[in-house]
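Labels run A, B, C, D, E and F following the written order; every chain starts at residue 1.
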Amino acid sequence: MSKRVSVFRREHFNAAHRLFVPQWGDARNEEVFGKCSNPNYHGHNYELEIKVTGQADPVTGYVMDLKVLSEMVREHVLEIFDHKNLNLDTEYFKDLNPTAENIVVVIYEILREKIDAKFDLKIRLYETQRNFVEFPA
Amino acid sequence: MSKRVSVFRREHFNAAHRLFVPQWGDARNEEVFGKCSNPNYHGHNYELEIKVTGQADPVTGYVMDLKVLSEMVREHVLEIFDHKNLNLDTEYFKDLNPTAENIVVVIYEILREKIDAKFDLKIRLYETQRNFVEFPA
Amino acid sequence: MSKRVSVFRREHFNAAHRLFVPQWGDARNEEVFGKCSNPNYHGHNYELEIKVTGQADPVTGYVMDLKVLSEMVREHVLEIFDHKNLNLDTEYFKDLNPTAENIVVVIYEILREKIDAKFDLKIRLYETQRNFVEFPA
Amino acid sequence: MSKRVSVFRREHFNAAHRLFVPQWGDARNEEVFGKCSNPNYHGHNYELEIKVTGQADPVTGYVMDLKVLSEMVREHVLEIFDHKNLNLDTEYFKDLNPTAENIVVVIYEILREKIDAKFDLKIRLYETQRNFVEFPA
Amino acid sequence: MSKRVSVFRREHFNAAHRLFVPQWGDARNEEVFGKCSNPNYHGHNYELEIKVTGQADPVTGYVMDLKVLSEMVREHVLEIFDHKNLNLDTEYFKDLNPTAENIVVVIYEILREKIDAKFDLKIRLYETQRNFVEFPA
Amino acid sequence: MSKRVSVFRREHFNAAHRLFVPQWGDARNEEVFGKCSNPNYHGHNYELEIKVTGQADPVTGYVMDLKVLSEMVREHVLEIFDHKNLNLDTEYFKDLNPTAENIVVVIYEILREKIDAKFDLKIRLYETQRNFVEFPA
């Protein structure tokens, strides 16, 4: 059996953030982002869903060992984002507004470098149960 | 950053309905739809998932402000369907059987007119936790 | 082992209803219950949680076979409420407003008669994911 | 029907916080609370479950209108905590460590003053899907 | 209305399994699969999501009656896998490692033969809430 | 603040089991337990909810550090039950039928010895989303 299968792994992290466009002043940020731009931050339980698509190995039956994927996410994503302030504690959002859209693209780019190029990769990120994003579209 | 990202918003509404093909009599409707055709109606907590795909704005980092999308859904979908009888209280299902398939297409068409054509749109509708539909396929 | 353990079984049913106090006119009902009193009904996916508490049988290890409990609920509750209009299709709510509070008491009384008196019984009813009730308190 | 029934309402808010005992230095706080004491904060999607127990009104069938309860929670709890930094933006946690235990007691005390004394009140607060608290015990 | 819509049905089954490549010895299996290769088996609550895509019938509004789909899954999948040991009690995994990837392909092939070729079919299988797979990719 | 608060922690484990009363033959076991007594076992994703009630410490605001509780559950419960066959791989169910009722009492007794006697303890165990148990009642 050597068919293409998608495998998914869910992880989570808890972080503070503030929607903030650095080149704008506070007033314009509050006008556009409302309470999401609170200067003292708010936060979320982010749920992360990593989808890897490839051939299932004909002997093991694995596309990819999900324990290996989970460990990779822990090391390269959770270590950087979990229990952090996205705006202050990470390099990624010094000059980039930490919207869910921007966070999911950043996480994709981090993992795309680590996961073998023979696999397709897609990331879904839940900011709340009602608001979530996916990349690539 | 100007990559295509999908953003999702979940909303819900509670409605009564009856599966009923108007050109058939009650007997044929009951034969085909069983208890779902109960003449006095039954109902559901419908969960609605709206997926909008487009370029993230390079400054704001938003594909679309989900508060704006939520308000649009409230005004054009929930106002019409929430706490209503789909067969009796809406124009859409006077001559159209309110199956989940037909409801999801109707909601798609309502929102397709309101959402900027530069965005792709897909709708998922949960009738129960175990039965749901998606349009376009 | 003959300790008191609680066992729980979840079931669900889909029904239409209208909050309506028969001795009031439509205007007063709408004033008090708002859109929940829509004359053409609306509906819900009701989730039902039955909690039975008693001694675990020292040989089987069962308080009560949950397949037996599930069948009892199917026969005495779901047959009466599932895919029905609570106001029109059941005897219970001809003169009683089908609020979640009243529905949960009715279901308790139906099951209390069927379940051996040596067991304690408690019922939880979810009208939506955000609104639910429990009886006895 | 005038039996005691419990009614529940779920609400949510998103907030930043940091576990921090003001009379200790940063080193002791980090030793005890680990990454939960990150000086730049982290955050959560808090799920709040309010349980009110009382007699169902024999006419309306309501213990308490859940729309009224929801509005009360919005005004007295969500306005104060949603999209806020619990340590910096609220009076309650200036000198009190914002653990889930302390937050749930604070919310209980806020609502206990607003809800009629004839009702019993219990609050459950989910900090994550795996960590939650309840008061009174 | 004759548009292509996807309809989904969720089912579940409980099974024991052991990750085990028959051509390897126990030592190599344990080295690769760790505790998932426990010789006495472990088990899961598998959640199965069947997605069928096709034209909604212009008269009934159904792509496919989900009660018919549910019955088909019960007869051809659940009867074979539910409350079974996948390695010992089924023909499919005598010589094939019962990874989630291999199970989802087997279930796809069983259902692909039973569902009218005019419909597209996709299967998602949850082994746990955090690990799941989809076929075809 | 020194009020009694309950804190909850959720953990999970995956295990195989078979309902089987050792003093009965296979025929009687199958008659009473049906497919749950399949000689080759089946399995579940067990969800475990540990509730600890006590005074919140006036300085830390903790009833009990949930990381400590989680580690205690991992060491004394998950190490013994996760990815195991409850009947064959554990001492507890050599002569005791591994019903949910019996499992929850065993887990309670394991943890009751490890958790400070000043705390009350209650355990809930989900065998599936629809069947679960709690001890003490």
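Keep in mind that, in the parts below, a contact is a pair of C-beta atoms (placed from the backbone, for glycine too) under 8 Å apart; a residue touches a chain by one contact, two chains touch by 3 or more.
Just so it is clear, the model here is predicted, and its values are computed rather than measured.
Chemist: Which chains are shared contacts of subunit B and subunit C?
Modeler: Neighbours common to subunit B and subunit C are absent.
Chemist: Using residue numbers, check each pair in A-E, A-D or D-F against B-C and return the one sharing over half of the contact pairs.
Modeler: A-D
Chemist: Determine the centre-to-centre distance between subunit B and subunit F, using the mean Cα coordinates as centres, and give it in whole Å.
Modeler: About 41 Å separates the centre of subunit B from that of subunit F.
Chemist: How far is the middle of subunit A from the middle of subunit B, if each middle is the mean of its Cα atoms, in Å?
Modeler: Each chain's C-alpha centroid was found; their separation is 28 Å.
Chemist: How far is the middle of subunit A from the middle of subunit F, if each middle is the mean of its Cα atoms, in Å?
Modeler: The computed centroid separation for subunit A versus subunit F comes out at 33 Å.
Chemist: Tell me, which residues of subunit D touch at least two other chains?
Modeler: As it turns out, subunit D has residues touching two or more other chains at 129.
Chemist: Using the contact rule from the top, write out all pairs of chains that touch.
Modeler: Every pair of chains in contact is listed here: A-B, A-D, A-E, B-C, B-E, C-D, C-F, D-F, E-F.
Chemist: Any idea which subunit C residues touch subunit B in the complex?
Modeler: Of all residues in subunit C, those touching subunit B are 12, 14-17, 35-36, 38, 40-45, 82-85, 88-89, 128-129.
Chemist: Which residues of subunit B touch subunit E once you look at their complex with the stated criterion?
Modeler: 19, 21, 23, 32, 34, 96-102, 104-105, 129-137
Chemist: Under the stated contact criterion, what part of subunit E meets subunit B in this complex?
Modeler: Answer in residue numbers: 1, 3-11, 53-54, 56, 59-63, 66-67, 120.
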